[in-house]
Each structure stands twice: as C-alpha cells, then as structure tokens.
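These are the structures, in structure tokens.
One chain, subunit A, links the two complexes that follow: it is found with subunit B in the first and with subunit C in the second.
Moving on, here comes the complex of A and B:
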C-alpha cells in the first residue's frame, strides 16, 4: 500500500525541471532556423547598417583613404538646389551658380542649379517610366489573365507561353530586345518597314526610348498574369450567375463583380510592380551599355547609383542614394496601402 | 572524470591557439614575398593566354628565391567589380595589369607613384630602349608617374580590299605622308577630306547602287565606306590634330576648340549628310553576329588601334584586308598626321607596406623588361614599347597574318598623339562618361547642332573638372533645315 501511495504521490506532483518545455521547444526552433538568422545578420542586416553608416561618410574607393564622418554632406549634395533669376531663357549661365552647382534646367526666367543634376534627372526618368510601364503592365497582365481564364482548348499551353519569358534571365531578354527594337532589322518595326513608313528608332530617340523599355517590361508580365489568374479563379461563380439572372452584361459583371473581387490581387501586383519599377536597372543598363543614352533619356536612378558606387567609386554618396531610394519606396508603398481601404474589397470584411 | 576531461580539452585548445597566434618571424623570414598580379581589366584573362603568361612568370620565379609572382586571373566581364571589392575590403592586389592608360586614371589614387623609384633606378631601367613617345604616357598633369610602358597599339587604317575592288577604286597609300592616286588617276593628298570622298565611292546600298550614283537609297546601305565606332570622342577627334586632348595644360576643359568642332562636324556629316558612315541603329544591325564591326565585312575602311587583331579571326573573315596609312589632318597639306595610340602596362597598387612596394617594383621591372615584354606582347597583341623587343612580336603576328603590312604599324608609331587620347582628366570616370554621351548623340541624332553640343559638353566638363557633379545637358536646339 505504501509503495503504491508513494508512486501515486510522485505522479501527482508536477515535474519541476531547470527549463520549461516551452523554453526547450523554443530553443530547438531557434537552433533550426539559426542558419537563416546568421545569414540574415551577416548578409542583410549588417550590410544595411554599414551602408547607413557609410552614407554619412566620404568613403571613396578611388581615393584610397579611410572613410571620414561628414554628417549630412552626402544628403545635402543629393538634394542641393539653387534658383537664380536670369534675363532670358538663352542667357549664358556658366558662371551663374555657386561652386559645386551646375545647371539642372530652366523654367521661364528662373534657372535651377543642382549639386547633382543627374540625381534629379535619373529620378525623373524613373518616375516617368513608372507612369508609362506600370499601368500598362498591370492592364496587359489582367487582360491576359482574363483571356487565359476562358474555358477553351489548349489554354494551359497559352498560360505557359505567356509565363515563360518571366523566367528568362533579364540580361538575355535585354539582349534579345536590343535586336527586336533595332530600327532597321527589329521585329517591332516590321509593320512600318513593310508599309514603307519611317521606322521608329526606339533606342536612339529620346522620346521613344522609355516606351521601348516599357515594351520590354510587357515581356515579363507572366508572373502578374498567373497571380491575377489565381485571383480570378477564386471569384465565386454564383455571383456571376446571380448577376446574369438580374440581366447584367459582361461589362457590368467585370466592373461590379470581377474587379472588386480581385482587388486584393490588384493591390498585391501594384505594390510588387512599384517596388520592381523603382529597382529597374538590368534591362536599361544592357540596352544602353550603362550610359542611359540617348542624352540621359534612359538614365534610371539605379544606373546613377550603380555608376556612383562601382564606376566612380563614391561609395558614401551611393549609400546615401540607396537609403533615399528605400525611404521613397517605403513612402509610396505606405501611401498605396493607406489608400487601399477605399478601393480594395475583402470578402471577409474590412481589414483592421 | 568529467573535470579532467574538461581540463584536457581546455589545455588542447590553448595549445592550438598559442601555436596559431605565436609570431612566426623565423618562418616568415625564410618564405619568399608573394606579389599578387591582378589580371583581367584588359586582355590576359583568356584561357588560352594564361598558360603562356605563366610560362613568362616562371622565368622570374625560377630566378628568385626572395620574391614569387602569383598571377590572379579574373574574367574581364567581372574583373572591375572584383578589383573594387578587393580594394574596398582592404585586400588589394600588389600589381595590376595589363591595364590601359584609361584604366590607370580610373583607379585614381589607388595607384602608386613611381616617380621616385624611376629616378632612383634609372640606370637599371634602360630607358633608352624605349620609344621616346611612350615614356610620358603615364605622367599626369600633376607630375605623378604611374607606370612604365609595356606595349603600345598604334592605330592604322584597316582596308577591305575586296570592297575597293568591287567599287573599282585604287587602294590607299601604305606609306604615311605619301600621295594617293584617285579614281581619275590624279595624285592627291591623302587626308581626311579625301578619305571622305573615297568612302562615299565605296558606300553601296542593297540594290547595288553606290553613293555617288542616282537612285542610291541611304536607308538600305549594306556596305559603308568608313567606320570607327569603337573609338572614343577624344580618340576619334585626335585624327584631326587638335591642340590638346580636350584638356589644356593648366587642366581646363577644351572640348569646343575649332579642331574638335571641325572633327565633330565631319562625323555628323559623314553619317547624316554623306551617308558613308552608319548611325548607331544601322551599325547595330550590320554588326550582329560578327567578331567585330570590321570583321562583319560591311565596311570599306575601319580605323582603330592594332588591338583590333583580336576581332578579325582568320577563320571567320573571308574577305581580303590589310593595313594602310592613316590620312593626314584636313588643311595640313599632308604634313600633319596623327595616329592615336593605346597602350597596356602594369601598375603597382598603393599600400603602406614599403617592403611589398619594393618587391612589387622588382616584379614590375621584370614585366616591362625586354626579356618579358616581348613574349607578353605576343600574348596580348601589343607592339613592345622597347624597340629591341619588337622582332619577336613581328614574327608572331606574321605567323598568323602573313600578308599583313606590318611596316605600316611601325611607321604609325612615329605619329602618335601627344597628349594621348586617354590622358589625364580630372574626375576621369565622370568626364569620360560625359564624352560618351556627346559621342552617342553625334552618332544617333540627325538634328544635332554640333557647335551647341560641344559647347554644352565643355560646360559639362568644366563642372566635372571642378569636382562638381555632371550637369544635365540642356536640350540642344535643332539645326536649321
């Protein structure tokens, strides 16, 4: 009797050990993801912190010197502008600006000097490209998704064909488009050439180079198309049946059912598209040999950043540029999310 | 039992740490200094070149116990990034090369000034063996000398003899300064104006019409009379004998001088008025698939440095070609000829370790010596800067191209541009990028006002030279039609 009682008593007492089960499980979990954590710290977090520090220094690889703290100098160099009144638009302004400033542009009788005119120029090119290419890509991807969502034979084949360009390396795609956009032999100009019309010089005309690059962007809409397709296939079919019963035509179904139901997917593609657009570099670099020609019309922000860092060696200044880009993209993304409440419909109710 | 085991483990760890950290001066004193040579910024990175370079280096290593050369080969496409990473990571190579004049200036303050070393060891360097024009190649306006010359690439006129035969035009002269017998049998000065006339006669459209014939269609040209699209702005304009290379003696920009203006107008007219030179779009279309533009067979004449031999493989080029003399500058009556030159050499990376600098200097002296520069130049395709090392280079070149007018390139070495077309510019990389933008506009914008473009470029360069950022060029007014 006493043995049984002692045994029962032992089992009745809570087991007290040095570490709780929760702690043990947490430790094992951390151990298993530690390779990722170490990699993240070494290859992401530490470089980010280092680049933030470098953005406040004059680190210049071409000068073979240690970085010195210069505070906000890099940022003032980036944003520095001065405005001078001139007598007329054709006035010679070569001696007008303070040392270190150069002409950015003129508006009427106001001449604008900048510490780094190419910073503003490249930002303008990037924003202009975003306005041209992003909506076009979203629209075309949605169109392709709607088409490939139809229940027709061989639709899987078409989905594959539209998706494949997305998985091709960006450099290879750019090299292909170097030929496709050529004025004399490019496929894009087959129609005007065959009609005897002047063929556009997509890569050497300041007004056409960005639309040409936007065409290249359309080459890679396969990923967005697949995401749209998934969204379209998640729309309950009974909504369309109910709408048809009420006499709705296909356009009304599109506007009142399809678009609202896939609006979260549109939001996702928009955010990803924005981030990708502001990171645009490879294709423009390959097509213009890194120069952004003609006349800087294709000189994207990341090309300027790349040149500053890896061609001119001005790592401190390039670090400041990269942090500006991060803040800009975060701000724009935050704005999109902030406004999404007005146009994104969540079937489960409004997101908190 | 656990405590002794723990103690033993700690003791073993201590022994290992002490062994690793113990200063091994005795060991270091006996091991040779290794000088790492970074190869890949220019030529020298090809797999077929590496064993040949190793064989040259082996001669030095076998003869020295205190210094050993280690070649660090890097693919050209990524070499620049790899080098920058090594510089940034405080792991620089000791020597870099082969590297061109432009490459040296692009590396800026990372390169060791050799002035004092050259002065100290002048006798050993045997500078009298050098072609005199090559001795000042690596001295900037501040008096810093970064290298001694290894090899040079004089420029020559590459002529597609089959194109001349098809157009029934006499070939250019092979001697510099010689007169040219034109199509009508007249003896005329062989200058850039005459070259333009010849190029027009060579240019042929898809229907077989030459540019001087009625019905010629400039939109369907298949053979252009002349091209030199691989030349930079300063390189191309040097043919016209400008007063400088875009930089005055006191370091100011001079990109809108009258000679540069005449040269720029010559090029713009050649492309958009006379149609014997392709614009960018046409050149891209014609050159695709070829080892180089001249190898494509679409050009009657091509001007570039002798390194273009890399891009005329005998297996791929099916037309007859050869080297001919460069024309003289317009208006000089045949008396002023400039054949702009490129060059390759080795440089020492600046570092605090003086012993390493001395070891690298010994290595550098070997690499540019007559003993090594001959074989190295055969590998790289350059003509040795030391005149006494040129015979092997000639033998090697003629073995591959037995028909070549080699004497043309020897003669071209007498007409080098000075200052060199790749000579020093403040903020070199940015200044060079600004030049490239203007050259690109020259080759692609039919409405370009050449004078305004060069004036804008000069203003751009003034800002860059002064250390400011490159200004954005204001829109160039279109030329009056």
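Moving on, here comes the complex of A and C:
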C-alpha cells in the first residue's frame, strides 16, 4: 500500500509543483467530497447546534410556539433528584416529595424522588440491557465464528443459517419473538418444560423481559459472526504451525494466538455493539407496543426520548435528553478506547 | 509439509497415543462439533420454521388440541350426511383405519365403523376417547393442508395495505441504495485520490459520525422537514442518502486505495478529466464493492423502522412495510397466523436478495470486514 502511494507521489510531484494545477486538483477533490460536506452541514452540524440550542428552551412543537430560553431548566428537570428520610414505615408518600417530584425508589429508610423518574428508569433499563445483551452477543458471535471457521465440510451452510436472521427486518424478528416468547404457545418454553421447570411468561415478567429481548439479540448476531470470521481468516496459519511444533494444545493456541490476533476485531464489534445498544428502540417498542411493559421494565432511553418528543411534543426537553445520550455514548466509547491499549494487540506494532 | 518433517525429527510428544487412537479422538472431536453445530442450527432455524408453518394455518388449525407442527387437517369420512373423523386404530398389533361414529362418555365407550364396509358390524372400544388417544390406541388421521388464505387476508388488510407499503419500501430502499452508492463512491474517490486541504481531519470527522446517536440530530431535522412539508412523505427517508455515510465511504475508500493508481495516471495523460477517469477507470474496477454497498444499504433500509416511524408520522400513504407491520401487530396481536403471514410478507424481498446475492454478500463483507 505505502509503496503505491509513494510511487503515486513521485509521479505527481512534477505536476503539482505548478501552483495552478495544485489548485485544480484541490478543487476536484473538494468537488468529489462535496456531497458529504454539504450533507454534514445540513444533516449533522446544523442539527447538532440546533438541538443544543433547543435543549436550553421550552420548545413545544404541539403548541407551535416559538422557543423561549429557559437556561438549564431542562437539564435540572432531567437530573432532578431529592432524598428524604422516612420516619416510619407508614408515612404518607403523597406529601413526601416536593411538587413536581415523584417516587423513584427507596434505599433503606431513604426515599428517592425524581422530577422525571422515567428518565432514570429508562437509563437503568438501557444500561442493564447493555450489561446482559452485549457480552452474551459478543461471546455467542465469537463462538459461532470459531466453530464455523473449522476446516470441515458444510461450514458455509452453517454460516448462512446463523447469518440469515440478521437480514430480516427488525420488526418482523420482533413479531416472531412475540410468539416464540409467549408463555403458552411459544417454543422458547419447550426447554424449561422439558426440564420440568415452570414455563415463564417472558414478556410480562419484570425480571425476564430483558433476557427475553437479549434472546432476540442473540438470534441476530450473524453480522458480528461474519466480522469475527474475517478476523479469524486473517490470522497467519504459520503461527499455529509454529505453536504445534512447540507442543501447544488447542486451548493454548486459542488463548495465546487466536484471541490476541483477533482482539482488534473484538474491539470493533464491542464499539459497534455499544453504539447500537444505546440506539436500541425498535424491538422493545414493537414487542411492548411502545409502553415498555411490564411496569417500565422494558422502557428504554430512546423510547422515553421518542415519547417526550413525538407524543408529548416536548422538543426542548427531548433535545436535552439527546445531548445527554451523546455525552454518555462518547464517554463510554472513549473509555473503551482508552482501556483497549491493555488488551488489544496490533500485529504491526502500535496503531498510529 | 516442511513442518511435518521437523515434527517427526522432534522427540516423541507427551501424548503417546497410537495413530489409531489419535484418529479416534479426532473423529470424536469432529462428531462433537457437528452435533453442537446441528443443535445450534436447529435453534437458529426454529423461529423461521415456526413463522412459516404458523402462517399457513387457518384459525381452526391453530386451535387443534394436538398442536401439530405443520398445518394439517383431520381426515373425515362422510357417512349418512355426517363427516365422521378418521382414526388409525391399533388393536392386537394390527392397525386399521376406522371412522368414529359415536363417543359414549358416560359408559366409557367409543363406537367405530369400517369405512370400507360401513354396513358391517360396529367396532366398540371400552374406554373414553381422550384416554384412547393418549394411550396411542387411536391416532387421528391428518394430512398436510396449508392455507394460503391467511396471506390474502393479511395482505389485503387496511393496516398492512401490502401493495402500497411494498412500493413505498421499494422506493425508499431502491432509490436510497442508489443514492448511497453514488454519493459514497464520489466521496470515497475524493478522499482516496486527491490532496484535499485538511483531508485527514475531514476523514476523522466523517468517521466520528459513526458514534453520533441519530437522536441528537433528529429533532431539528424533523422540525425542518415538517416546516417544508416533507413529513408524511418518503422524501425525508430518501434525500439524506444522497449525501453519503461514514460506513460506505470507509468501505469504498479502502477498496479504491487498493486499485493501482497507474491506470488513473494513464487516463489523465490521455486527457481524461477526473470525472471521466472516475467513471471509466475506477468504477469498472470497483464493481464488486459498489454492489456490496448497494445491497447492504438496500437490506438495512428495508428493515429500518425508527426514522420511518417518525418521518412518515401517521401518513398511511407513505408508510413502508416495517411501519405497516408494527401497526398490523397492534390489531392482530391475538392471531398468530396473521402476524406470521405479515412477518413473511415484509421479509420476502430481503430473503430473495440475500439468497440471490449470497455469495457476493458474504464474500464482500469478509473481504472488507466492515459492517453496517
């Protein structure tokens, strides 16, 4: 690659030394990338600035009013928490909190009130789902990739089978899992029934609704699998041959060769997985018909944002939520990249 | 081969298994791998099998107590104007096909006749029907009987409005995929072949948009689209694709950088303008990558829900299949056959595209290692 570029530069040198030709080349380059520059300004830069501005206003689309500057009101409402000590177990909670606040939860004899309890609940649901679904998805995808990477017949057939669910529309997959997770007719419950365990009602149980959604996510790991496969096929076979000569068993090969060599791909899948998890909406919205049932146990951050913006028309408040989401995602991604140096191995030395 | 030779010269390894034993272990290993893969394949295919079989069942077939996997109908024998259910009855090791004439629950009797010879003597079994069925003495005779009517009802439903929704989705995905392909190839060409001031910074900025949650740009975009009257139409879903996106540009830039520059230079020497060079030199060599971008964009857009839900906002004329299916679900949530037929209708196109282009697909992604 680098030799090609060097050669190209060598060829280009005598031509570009003439000022006008250099300007011509620049103009052509800018012309070619102009679709992105225009798109970036129209659909990224301008809307970002606008939503940051709106987050400091009370803009309400349903009232068609002009935005009024309200300072940090949206943010203080969003984060608004208060802590009250309860004197007795039977204390009347209706007068416990300040006006506009409602109960979020209790720790011991401390009652926590929030201005927007659903903000905190939806944030908790999203983080909890990330903790449940993300590691399992990455793990299952890696397992499927390792299995189908073996040099045995029919592996392309298996790869195709594991990949197909990924190409299906998310709504259709959700509709199928609405049935698969049904307590009475769903096939998922064949497993607990055959083991003599009670058949749970996945989608109507506060503890089980997120694992149920994680199953749907596991069904769609085909793309992550394919990316792992690409990584696995890039591992030089000489490494394994050398290890075999040294008497390494397959487990040692896996831990000392395979995992370090594909660690950049694991990082890639982890980051993409994080980004998609924080955009999670469709499956939960469809399966719970937008309500996040039962008792908001499947009420994701983006469902709350959607409802605030497009059901209640509170565009200012929803903009504040979106900026919080941006900061959160950037912070988590930055954290992952910062710690990746400890576990990601780049074969060609440190990545620039 | 070389390693083989070296290995033979080395002192014997810890495991002193004979060659036969080692082969046996290898076979057991392969057997285990195939068992695990087959079980996993069954698990991964089960939802699709459930969907397809359920979608071909009528209401009556769904409610069959036996819950057969395939859509089945129970065979009957008409006798004196009555449709008598047929059973395979096993008695003393022989099985006969008999028709159920009467069920006497109180006296625990089941009366059967032979359809070959209805007028001959009736056969009586001394137990109640459910008990006999449980014991396997009487097995209902059924035959495979898929019902396509469910699809007609689902497609005709006003909530699905299949024809219109299908055309909307085709327009969004098809035009969108062309837009994505054309714009990304232009931008990728610009980034891979020209010295643009601040190119590294611009490219980093482009890549950074991958992290950006769409929610942070959604609200102002929605407000503007509403002001210019685009909400409730397909335009908000199609127009932005003509301004390229980070994944596609990255994929194509990588690909273009792998194409030798010499042919570009040759075309330039022959007096071709950069646009001519792009069209006649670069595009033909990058056909595979361009098709990959097109197909990926097509598939991803076909199933896209969030933006479609927001921007078509309640306009039934503009709704794509994903939004239609969401609406359909709210109405038919108690009818599994309708739901599954609806799901099949929305995924016909992606499945068709995937299986037609499967090879280019999975190879294309493996080459680039970049996903959507």
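The rule is simple: the second predicted complex is superposed on the first by the 321 of 352 C-alpha atoms of A that agree within 3 Å, B and C clash if a C-alpha of one lies under 4 Å from a C-alpha of the other, contacts with A are read in each partner's own complex, and residues count from 1 in each chain.
By our rule, a contact is a pair of C-beta atoms (placed from the backbone, for glycine too) under 8 Å apart; a residue touches a chain by one contact, two chains touch by 3 or more.
All figures in this text were calculated on a predicted structure; none of them were measured in a lab.
Asker: Kindly say whether there is room for both subunit B and subunit C on subunit A in the superposition, answering fit or clash.
Answerer: They clash: once the shared chain is superposed, the two partners overlap in space.
Asker: With the two structures laid over each other on chain A, which partner does A:310 touch: subunit B (first), subunit C (second), both, or neither?
Answerer: Once the two structures are laid over each other on A, A:310 reaches both partners.
Asker: Identify the partner contact of A:61: answer first if only subunit B is touched, second if only subunit C is, both if each is, neither if none is.
Answerer: Both partners, subunit B and subunit C.
Asker: With both complexes overlaid on chain A, does A:171 touch subunit B (first), subunit C (second), both or neither?
Answerer: second
Asker: Could you tell me if A:179 is touching subunit B, subunit C, both of them or neither one (first, second, both, neither)?
Answerer: both
Asker: Between subunit B and subunit C, whom does A:330 touch in the aligned arrangement: first, second, both, or neither?
Answerer: second
Asker: Just to be sure I read the superposition right, which of the two partners does A:102 touch: subunit B = first, subunit C = second, or both, or neither?
Answerer: first
Asker: In the overlay, answer first, second, both or neither for which of subunit B and subunit C A:322 touches.
Answerer: second
Asker: Hey, is it subunit B or subunit C that touches more of subunit A?
Answerer: C
Asker: Taking 78-86, 258-266 or 348-356 from subunit B, which overlaps subunit C after aligning chain A?
Answerer: 78-86
Asker: For subunit A, give the residues common to its interface with subunit B and its interface with subunit C.
Answerer: 61, 178-179, 185, 310, 315
Asker: Applying the document's contact rule, which stretches of subunit A touch subunit B when the two form their complex?
Answerer: For this pair, the touching residues of subunit A are 61-65, 77, 94, 99-106, 114-121, 178-179, 182-185, 201, 203-204, 291, 293-296, 307, 310-313, 315.
Asker: Subunit C touches which residues of subunit A in the complex?
Answerer: Spelled out, the residues of subunit A in touch with subunit C are 1, 4, 7-8, 11, 16, 22, 25-26, 28-33, 35-40, 42-44, 46-48, 50-51, 54, 61, 144, 147-148, 150, 152, 156, 158-165, 167-173, 175-180, 185, 187, 219, 223-224, 226-227, 229-231, 233, 241, 244-245, 247, 265, 272, 275, 278-279, 281-282, 285-286, 289, 302, 305-306, 309-310, 315, 318-319, 321-323, 325-326, 329-330, 333.
Asker: For the complex, give me every residue of subunit B touching subunit A.
Answerer: Residue positions touching the partner: 80-81, 84, 87-88, 106-110, 279-282, 284-285, 288, 350, 427, 429-430, 433, 436-437, 440-441, 444-445, 459-460, 462-463, 466-474.
Asker: Can you name the residues of subunit C that touch subunit A in the complex?
Answerer: Result: residues 3, 6-7, 10, 13-14, 30, 33-34, 36-37, 40-41, 44-48, 50-51, 54, 67, 183, 186-187, 189-191, 193-197, 199, 202, 205-206, 209-224, 226, 240, 242-244, 249, 257-258, 260-261, 265, 274, 278, 299, 302-303, 305-306, 310, 313, 321-323, 325-326, 329-330, 333, 336, 339-340, 342-344, 346-347, 350-351, 353-354, 358, 362, 365-369, 371-372 of subunit C touch subunit A.
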